[in-house]
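Below, subunit A partners subunit B and then partners subunit C, in two separate complexes.
Up next is the complex of A and B:
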């Protein structure tokens, strides 16, 4: 009889990710990126033009973007990777329900986001000292980033379940992120009518806009709260789909039949 | 004065612009918001302008991306203006109303004093920028070595 102990799956998957897996290497690379960016923001004359709150905002945005990227990379490998390595059969034989496998894998992938968040904290502290921005930025990153990471990590897991090839799954995940990140690089986008709609629909664009409104424009947390609708809806819908369709998604070969 | 002439006086009165603040101070790079209220206006365009009181060249595009807003006909229209202080010194920020007919109407200036900013503390960022990757790299390396020893 299969049990619903998703925590057992999550623990085992986290172990594989962090002990001997690629988790530490990815986080090490992430810290190198943040170090280079923080040092440049503090020393480079062109970048040091940034107001201190903007430097904190830039760190939050890079931390969130790359943290979500790494979460999608991990989740996109979760099922298709096991299929390719031939280890999925033994996982299906364990006395754990298929729904628990999906939820456990999503939780394990989310630990990548939490690790990125923890690594970001010292950089936020050093850049935000004196403007009371570091604590607020950390809390914002935790709340908003977790919503985005959960939603898009779940989408990565869906790609992984629907494809037999790890390459296809990763390519789909990265393409999705590229499509979602590209509009955020247009600074005037939220100020046009259609641009505001695109920003609000895009979970990453709306999350980054909400964060910058609080950190840079010093709005209060409730002023632009409607921008969080997209990340909340994506996180809820994707998690719901994974839980409901979990037993049909976790199959030895991809597809729903 | 009868009621008709009173209404005519009100209807033909010139539009006015009021600002929510007379003086602001900012650190260079800081983003500021001022509110203006346009009263008794026919349809018009409101334009934000920035003038240096120290003779420094001001590139308006650097200060704000949205320098014009449409003003509908109405008794009171509130307009929010967001701009970034990109030069140090003393500046006057004001709003001009451009009606479809008639002369321009200028609002009162908001005196903005922008001070230079201390740059971020390089001395404090360097230890963090080195220590965090070093600690993570060492932990990764030690973890891998332990695994190899355990496997052999």
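Up next is the complex of A and C:
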């Protein structure tokens, strides 16, 4: 039985991300973005241009979008980056199973999402005071955002395993996010037949739509639950592929047995 | 019982044979030199025996474990890869502690193993220094320490003295002799430097274009040619190397 030390891998990868790496810089940039956006939302709210719940929803959507983006950036570097830096062979020479390596790296990349969520909480509290929406928004972001981050972070890891070039895996990840985010910026999309389908298939579009239905339209959590099908399926399928195909994906050189 | 046994080991990349029918055995405590010009198949041989690559055909055992149980082989071997990278932000001690934990040691055991190994390779006083500040020789010694973190039965060293000055080379060769002598481990030493092989190896494998040209005790391979250098050139000459 090969060794299942995913926790050791995850701990070390997280340490490199947060103590010696890019994590704090990326999260600092994210907090600056949220600060600017919260200021604008609060100003608009004071001028009655933006309803309070819409301000909270906007913050959740930006938090989720940027959090997922940063998770994909980290996961897309996880394997191809190590190949480029020449450190991957040493990891492969240990008895730790390939599956454990994949799981450890995905868990470490997911800490980026959790950090973004934590940074978002004070902004939600500021914008949501008085409407009892901040707590609900935070819980909603945790549940839905974690599903999306896990699924798309896993896709980033797959790109990283399939390519030897860090630039290629990062470009693939960002392109995927662009394709998924673009339809969410079309306001009328969910109201049309084909638009409804596109929204439901798109894990980001459906997640954002589900969140806005609860936060802005004040629907019950169970009312539009079917919109979560896409994020749940993507998270389960991608995680399953990574675990099942891990031994074939995690190689010194992509595609070389 | 042989600590390494390979039978008809081959590796093909498309139409190109990187290794063609390698058959040899190595005994416990033996230092075996793996020689050959560039592209001869030395690194491929090491990557096959260390389970990084899968053979196209042939079988092998390492430390008594068959090649179809790669995780068990990896538990019992130590490897210094060719041109292996090091995480620049980690200190030498952190690097070895992480390696020890990947081999299943507890935090406390990992810490004591790292301290001991750093002392063994003469890096005890630089344990807390970031690897980015290490010289090439120090990195090679750190790599050897990492290869010993699991008390391996078989150690593979791929070009361990590459780019080192004579003093650094001497230190590495002394460490290699100690690994085989004191620890009783089999050492496979891949190198271009024939004098190193003459100093520390009891037997050699000479590869050229993926084929085994000579194998056996150093004295037997040298016999007739007069020197290892002459034997090496006569076995590999005229092959159009890189």
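Simple rule for what comes next: the second predicted complex is superposed on the first by the 248 of 257 C-alpha atoms of A that agree within 3 Å, B and C clash if a C-alpha of one lies under 4 Å from a C-alpha of the other, contacts with A are read in each partner's own complex, and residues count from 1 in each chain.
Definition applied: contacts are C-beta pairs under 8 Å (C-beta built on N, C-alpha and C of every residue); 3 or more make two chains touch, one makes a residue touch a chain.
Note that the coordinates shown come from a computational prediction; the quantities given were computed from them, not determined experimentally.
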Identify whether subunit B and subunit C fit side by side or clash on subunit A in the overlaid structures. fit
Partner chain(s) touched by A:28 [first = subunit B, second = subunit C, both, neither]: first
Kindly classify A:39 by the partners it touches after superposition: subunit B alone (first), subunit C alone (second), both, or neither? first
Mind working out whether A:16 is in touch with subunit B, subunit C, both or neither, as first, second, both or neither? second
Have a look at where A:119 lands relative to subunit B and subunit C in the superposition and call it first, second, both or neither. first
Return first, second, both or neither, reflecting whether A:85 touches subunit B, subunit C, both chains, or no partner chain. second
Comparison of subunit B and subunit C by subunit A residues contacted: B
With both complexes superposed on chain A, which partner does A:216 reach: first (subunit B), second (subunit C), both or neither? first
Touching A:229 in the superposition: subunit B (first), subunit C (second), both, neither? neither
Please work out whether A:237 is in contact with subunit B alone, subunit C alone, both, or neither, and reply first, second, both or neither. neither
Between the C-alpha centres of subunit B and subunit C, what angle is subtended at subunit A's, in steps of 10°? 170
Identify the partner contact of A:139: answer first if only subunit B is touched, second if only subunit C is, both if each is, neither if none is. neither
Could you state the shortest Cα distance, in Å, between subunit B and subunit C after the structures are superposed? 5
Identify the residues of subunit A that lie in both the subunit B contact region and the subunit C contact region. 20
Can you tell me which positions in subunit A touch subunit B when the two form their complex? 19-20, 24-25, 27-28, 31-32, 34-36, 38-39, 41-43, 48-55, 119, 122-123, 125-127, 129, 187-188, 191, 216-218
Where on subunit A is subunit C touching in the complex? 1-3, 5, 8-9, 12, 16, 20-21, 85-87, 89-97, 252, 256-257
Would you pull the subunit B residues touching subunit A in the complex into a rising list? 27-31, 33, 65-66, 82, 117, 119-122, 124-126, 128-133, 136-137, 139-140, 143-144, 147
Residues of subunit C touching subunit A in the complex: 13, 47, 50, 52-54, 70-72, 74-75, 77, 79, 81, 83-87, 89-90, 98-99, 101-104, 146
